[in-house]
Structures are given as structure tokens and as C-alpha cells.
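Multiple structures are listed underneath, in C-alpha cells.
Here chain A shows up in two complexes: once beside chain B, once beside chain C.
Entry: the complex of A and B
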């Protein structure tokens, strides 16, 4: 199909319908409101379920219920709303339920602001909820990449029986860009959901229960080790990233995702015009973090400059991925401030000057 | 010798030991729910939602598909299930800490939306599982581990009456408070459950049956005295009866 000009939030909503989403449960919060607004009309039109819940907490627990009975389910929210959803997300990880969660990130902490931010990185990758838990998370850069990942996420969630989060900053949610909503994607082959509590115990000949409670510590440990194996498989199979301008064998490599990567691209182009070659690792998956990209760096790379719309949260993962092999530098703006490419160029030039 | 079966456990419950304390009425209420689901031939297609509290393990007892919900969230979980499985019977089983305290928003809004689910609400005026703390339903002057001098109106309020509260919510269809302190009341309670599941079968919306229950261990009374205390102290504050029946209004329309 031809490309159409769409707003980010609406494109994600349509992508969810195309991805086979059976039900949506959500609660209003800026800057993601166009997602529930779009779905309130179009889910019914497609004979699917839309419910505006009384709170984010209720919404994620509706997701838990619907996912537990075998449906493909979506919720969307923004940073403080995601914080409220962590209870249900942890229960879904514990009960091994699939769901897709869209997080259109805004500034924090607390009520924070409503401007674009990437300050949820720790909330997304460092558990968020209680217990030994991980969710797979993706931070796409363009609307095309975003809609493709939203569509694919439903099968990824089903395959791993684990929630998947799409984390975009408010800029991607609010901007318009041409997208081909029907671009083919790779879908994982998922086994039938014979574990779901579908209300068919008579037909099935056995009861299915959806539970995250294991009172015997040895049983809970065994369960957590089983979950850990899934996380290990994600780390092995699902790292996603893009390497940009690496043929130039640059000394300095930027690390940036989402809208920050878009700004970094113009930085790279501008510096190239001045004869300065800078590379970039663009993580697409936040968990699993793309360690493989860092392992592929040549010895010429001495410095990693992490760029974030936060005060340095992915920075920790960059340090771990580098494991002492590089000088680690950071530039970030916070509170919903979108950096100018000039600020980043000035930072890079000061690093070059220091090195001389 | 010929034997004749005159009584057997309901197939609505899994054949295993319950986790409840001796003398607590959860066992009776479980049995009644199981019996009604079997008699209405719903057990094989029902989906139950267990809550947090003493009944947290009820997913191991009801002989149907079950989901275990976070504390207070059972009505939201049941909403998610019922919306994608509208033809299945969906019920929650919740205590008073779960439903009347941490889950107040979820129960009110499930009723408010008129979700076509059945809620089994077991009110024993105390948090049992965690060791006998004060609940929103704890009576005035009742001593608990967090109201050691007895509950006082000032600072902790007066006990919440959930059936009465939900009766003010336009979306609720059927609300009844029952007790199981003697066989006569058990039969009445069973009728109430039959009615509640019938409301759901007829797609008439939200139904809740509130059970006056006991907690011998945390009340510090033996099982018999607990039943006596429930009738002498709880029922006067929580009168039995039908608090809302919108099924008739609906059929008139």
C-alpha cells in the first residue's frame, strides 16, 4: 500500500489493529491520548473490544484478565501512568501473560511535564515492578519503524509469553510522518495458547489457572529460573540495533535511540560536511540491550558519547556493554527539553580538542 | 450390603483440603458457589477470579478455569475476561479488605459500567490472612491488631456498607446481603447465588452477593461463638436482604 501521512499516536493505534489486537484497555494521559481516541472508534468498527478504564491500575488489570483468557491485548499510557501499571506488568511477567504496552514518554519525576522525554529508561529496563522481572522493550526512531514494531510485538509477546513495551518519546507520538501501514513484517510462529483460562475446562478435560503465586520458595525459585531462561533467549535472539557511518572507522561513536537518534543523524551529517567522521550505535531494543553492537566495534573506536533526553540512564548500560574498553562520555537534556544539534556538535568538538 | 449415596461433595470444588481455618465460613460459601455452578451446568465454562487475602488460594478450589488477581483488582481482571469471553460465566471471589479497601475503585466502576459479572463478597469485618488488622468493615469498638483499643469513629471512620453503597450506583443490577450462620440462611444464600448467576446468564449486568462471614482466629472466639457474634453484632449493622434488583425494571422496558 502507498504511504499515508499519519500522526504517530494514530499510526500506532492503527498498527495495533493490523497486528491483530483483540482488545484495548486504557486511561487518558497526555501525550498519548490520540491512541485511545482513535481506538474508541475503530476497535468497535473492527468488532474488537475498547474499554476506557477508571485508572491505569484498572486498565492493566483488565489487560491481565483478557490476556489470561487468550486474547491479544494492548494498553497505552505515558510515564507516570506506566508507573501505575507496574503492578499489573509484574503480575503478567510472573503469570507469563503476553501483552503489548505503548509508553509515550514524558518528563518526570512525579507529574513532571508533558514534553518529550526518555527518562523512563530505568523504569523500563530495571524491572519497574517487583521481583526478578524483565520485559522486552523497543524504542523505534521513525513512524515506519514504530508501526512495524507495534505489529510485530503481538507475536513477540505471544511467543515469549511476556509483555512487550514500545517506548517512544512524546515527539514520535505527536509528529506526522508518511507510513506504509501494510508493510510486511516478520511474525514469529506462536504455539496455540493451550495454557489460557478460556472457560473451557469441560471441553479441555482439565482446569487452567493463571497464577503468579508460589508460596514454596523452592518452587518460586524454580519458576524464576524458568523466566530467566526466557530473558536469556531474548538476549541471544532479539537484540536489535543499527550501526551508522561505521565504515569511516570513527574514533567517536554516539549511542542514541528514538528522537535523540534522529538529532544525532543530523549531527553526523553536519560534521561529515566539515570532514569529521562520527559513528553511531542506535539501540532499537532497550531490553535486550544490543551488546552485540558494542562487541562489533573496531579498536579504532576510543570514545562512546551517550546521548539521551534524560540525565543519563542508558549510560549505565553503555558502560556495561563497553566493559572498560572505551572512554564513556555523556550529553543529555532533561525535563522535556529537546536538544539542538549544535549543542551536541559543540560537545563532540570539545571531546576532539581534549583528545589532541 | 447395598449403599445409597445421600450426600457427596460438590463437583464444583476440586477434591482437596481447603486452606481455611477451622470454623471459618469460607468453606460453606465455597460449597454453595460450587453447587450453584454445577446445578446450573456452568462449571465447565466458568472463569473465576481469585483475590488477595484468605481466599487467595481459591483458584486451587473452584473446579473451573481461574485467574489469580492482584489485591483489590479482581473486578478489573473479570472485566478484561468477560469483555473478550462474553459467553462464559465470570465471577470474582473477594474479601472485605480486598473489595472494600484497596479495591474500592475497581468494584464501584465495574458496577458503574454494568459489567456482566458476578461478585462473591465475603465480609468478616477484618483482614484475616495478614493476621487480623482493621478493615473498612470493622465494627465500631471492635478490637483488631491495628485498632487495639477498638475502632473509633474519629480517625478511622465508621464501617463501610458495600451493598448499600453499590445500590446507589446506577449500573448495578442485583445486590443482596446474606448470611450462612444456620441451615435456613444457607438455603437463602444459595437462592441468592442462583439469582446472581441467572442475572449474568440473562446478560442483565452486574450482580454481587455479600456474605456475612466469620474469623474465629482473629476475632479470638471459638467457631460457635463466632457465628453468634456475627448474628448479634454484624447483622444488625449489616442487615440482610436485597439492596437492588433492577431485573424487574429491565424486563418492564
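Entry: the complex of A and C
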């Protein structure tokens, strides 16, 4: 199909249908309401299931149940709603169930506000729920990239038998951009779901059960080591990132994702026009964090300037990835305030001045 | 142009950008933002720009609360309907849900004084062909209890728009226009696009005020 002009939230909803989503369970919250609104019409048209649950907690447990029966399942929410879903997400990680969770981030903590934010970084990458848990998470920058990742994420969730989170800020959910919804994507080949609890026995005599409760500590430890191997494989195989303007061998490299990367791109262009070359690492996967991008930096790069719509959460991962090789700087706005390119340019210029 | 212009259409058709452009270019007295659906990219977000052009902005009763998506509209929004000295543009939220809000002004509305204009971008899936547009017009008219008096061709793919994009929109809108006998009154074209094509209706150059350059 040719390109159409879509709003981020509706593009993600349609991409989920194209990605083979069988069922959606959710509860409304701004700024992601166009996702359930769109699906409330179009899931039924496509002979799929749509349920508006009575709460986020109910929704995530419906996701848990449907995923356990082998369906491809989606839920969507925004920051405080995702916080409510953490128990269910941890249960799904423990029970090795696939699902796709879209988080259209808004300002926090608590109910916060409805304007865009990236202050869920720690909630997304540091567990959120209890236990030694990790979920794969992707933070796309354009609507085309968002559509492609939403579609692919259903197979990634199935392949790893683990939830996948699409982590966008409110701007990506609300902005409009042309997209080709049918752009081909690479999908992982997934084995049949012979573990699914369908009510029928796969092999005679033994029915599949889904549990996250293991009372024998040695068995639970063994289970955790098995989960850890999956996280290690994600770290090995699924790091995604883009390096921008690195041919110029810049001293200062920005690190930014999502909408913040869009602003950073305009900063790079503006500075280039003034004869100043700045590079950027744009993480696309938040977990696994793209260590490989930082390993690839040349010795010319002395400073990493982390840009976030929060008070500095990815900053910690940038420090770890740099491992002491660079001076680490930070600029961010929070609470729903969108940074202006001028204030970022001023920060960069002050860093250049300091270095002289 | 009549004294009052009410803009309707599907959401994402470009009503708010057009409302802001019209208010400034036509030196309107007032822009009434009746969008109680969208949380971002509303015409109320450019209050200072409008005020610098002497356009009074009417929005929520909670003025300057950009972080609120509560369905409040200031009572000042009804004034242009009975104060005949005012020229105003009304920016509705999309679809029939957005148009329903006009119902509260029923007692003041004189259809003779109003242009009820539908903004269309055929690259929005819900208004991709003549039948879909005609269906939406019927829904919008039913909700608003007003007849659509004109069509605005705002067909675009944002930064990927070419002259051909807009011509394709005009082809579809001409079909709607001849079937329903509603004229195409304006074609909006972003200022950066070079074209000499004789588009239907008045050609207006659009400046994007709501979207930042990196969007």
C-alpha cells in the first residue's frame, strides 16, 4: 500500500493488527486513548478480540490469561497505568509468556500530567515488577520505525517467550507522519506454542499449566538461571541503535532516543550549518541497552552528552556503557516540558568553551 | 467569507493549523478552540501568537491549562453567535464526537451567518475516497445540526507533499463536490511547495504553527 498520514497512536494500533494481534485488553488513559479507540472499531472488523477492562490491573491479567492460552496479545497504557500493570508483567516474565505492551509516556511521578515525558526509563529497564526480571523494550523515533517495531515485536515476544514493551513518549503517540503500514519487516521464526494451556493435552495424559510459583528455592533458582540465559541472548542478539553524523569524528556525541532524538537531529543540523560537528548515538532498544554503539566510538570522542525528557535516567546506562572512557554530561527537561533546540545548543557551546 | 467560519472534519485533517492560519490571515477577531478531544497540538497552544495578531483566543474555562484534557469550554465561545460585530473562526475536534459540541449553541445559531467548512486530507485513511467522505459529511451534519457549506482541500503528506499529492486530493473532492453539490472553497498548500496549478477555490498558503520543525 502507498503511504498514508497517520497519528502515532492509530498507526501503532493498526500495526498491531497487521502484526497478528489476536486480542487487546486495556483501560483508557491520556495520551494513548486513540489506541483503544481505533482498536475498538477495527479489532472486531478483523474478527479479533477487543475488551475494555474495568482497570489496568484487570487488563494485564486478561493479557496474562490470553497469552497463556497461546494468543498474540496487546495492551497499551501510559506511565501511571503501566505502573499498575507491573505485577502482571512480572508474572508473565516468571511464567514465560509473550505479550506486547505499548507505553505512551507522560510526566510523573504519581498521576503527574498528560504532556510527553521519558521518565519511565527506570520503570521500563530496571524491572518495574519484582524479581530478577527483564523485558525487551524499544523506543522508536519516527512513525515508520514505530509501525515496523510494533509489527515485529509480536514475533520477538513469541520467540523469547517474554513481554516486549514499546516505549514512546506522548509526542510520538500524538504526532502525525506519513507511513507505509505494509512495509516488509524481518520476523523471527517462532516454534509452535506447545506450552500453551489450551485445556487440551499436547501429549496424552499431561496438560500444560502456567505458573510463576516455585516453592523449592533450588528449582526457583534454576528457573531464574534459565530466564537469565534468555536475557543474555537478548543482549547478544537484539541491541539496536543508530549512529548519526559519526563520519565527522566528533568530540562530542549526544545520546538520545525517541522524540528527544528528533530534537537532537535538528540540533546537529543547526550546528553543522555553523561549522560545528556533533555526533549522536540513538538507542532504539532500551533493554538491551546498545553497548555495542559505545564500544564502536573512536578515541576522538571525549564527551557524551545525554539528552532526556527526564532528570537523567538513561544517564546511568550511558555511564556504565562508557565505563569511564568519557566525560559524561546531561541535559534534560521533565514534567512534560519539551526541550527547545536552542537550550541544547547553548549547553553544547558551553561544553566546547570549557574544553578549550 | 461569512462572519463566522466553523471548521470540521476527521481528526488529523488539519483543522487546527487551518484555523490558526485563517484567524491570522483573515484578521479575525476571535478563534474559539472547541477541541475537547485532543490533548496535544491544539490551536490554544499558540495563544501568544494569536494575541500578537489581535486575535482573541477562547478555550477551556481553565485558561492556560495546557496539561488539562477536561471537556470544558468557556462561555465566551457563544458570544460571536449573537454579537454581530465579531468575526470568528471555530475549531472543532474531529469526527461526529467533536461536532456534537455545537449543539449547546443551538438557540443562538443563525445558519445564514455561518460557513460550515469540512477540511479533508485524502491521505487520512478514513477520508481516502469519495464514499467515505460523503459518509463522514452525513455524520458530521447529523451531530452538528448544520449543513456543510464548503469543502477545504488540505490533502498533504506533511514534508513529503508534492503538487501531485494535492491534485489527487482535488480529484477525489471534485467527485464529492459534484455528488453533493458542495463547492470546494479553499485549497491549502504549505508555503514551501512550488506550484502554479489552478487549484479549485481560493488557494491559501499554509504556515505550520502547531508543529515544531523537528516534527
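The rule we apply is simple: the second predicted complex is superposed on the first by the 352 of 356 C-alpha atoms of A that agree within 3 Å, B and C clash if a C-alpha of one lies under 4 Å from a C-alpha of the other, contacts with A are read in each partner's own complex, and residues count from 1 in each chain.
Rule of thumb we're sticking to: a residue touches a chain if its C-beta (ideal position, glycine included) is under 8 Å from a C-beta of that chain, and two chains touch if they have at least 3 such contacts.
In this text, all values refer to a predicted model and were calculated from it rather than measured experimentally.
Once both complexes are superposed on chain A, the partners chain B and chain C fit side by side without clashing. Once the two complexes are overlaid on the shared chain, A:55 sits against chain B while remaining clear of chain C. Of the two partner chains placed by superposition, only chain B is touched by A:68; chain C is not. Judged by the touch definition given at the top, the superposed model places A:266 against chain C, while chain B stays out of reach. Contacts of A:350 after superposition: neither chain B nor chain C is touched. Contact with neither chain B nor chain C is seen for A:228 once the two complexes are overlaid on the shared chain. By the touch criterion defined above, A:298 lies against neither chain B nor chain C after alignment on the C-alpha atoms of chain A. In the superposition on chain A, no contact is made by A:248 with either chain B or chain C. The superposition places the C-alpha centres of chain B and chain C at an angle of 100 degrees about the C-alpha centre of chain A, rounded in steps of 10. By the document's definition of touching, neither partner reaches A:46: not chain B, not chain C. Of the two partner chains, neither chain B nor chain C is touched by A:323. Taking chain A as the reference chain, the count of touched residues is higher for B when chain B and chain C are set side by side.
The superposed arrangement places chain B and chain C with a least CA-CA distance of 25 Å. Touching chain B in their complex are the following residues of chain A: 22-23, 25, 49, 51, 53-55, 57-59, 61-71, 73, 87-88, 91, 95, 197-203, 207-213. Residues 11-12, 38-41, 66-69, 121, 123-125, 128, 156-158, 160, 211-215 of chain C are the ones that touch chain A when the two sit in their complex. If you check the complex, the residues on chain B that touch chain A are 14, 43-47, 49, 56-57, 59-60, 63-70, 73, 76-81, 83-85, 88-90, 105-106, 108-109, 112-113. Note for the complex: chain A touches chain C at residues 3-7, 30-31, 113-116, 170-171, 174-178, 262-263, 265-266, 336, 338, 341.
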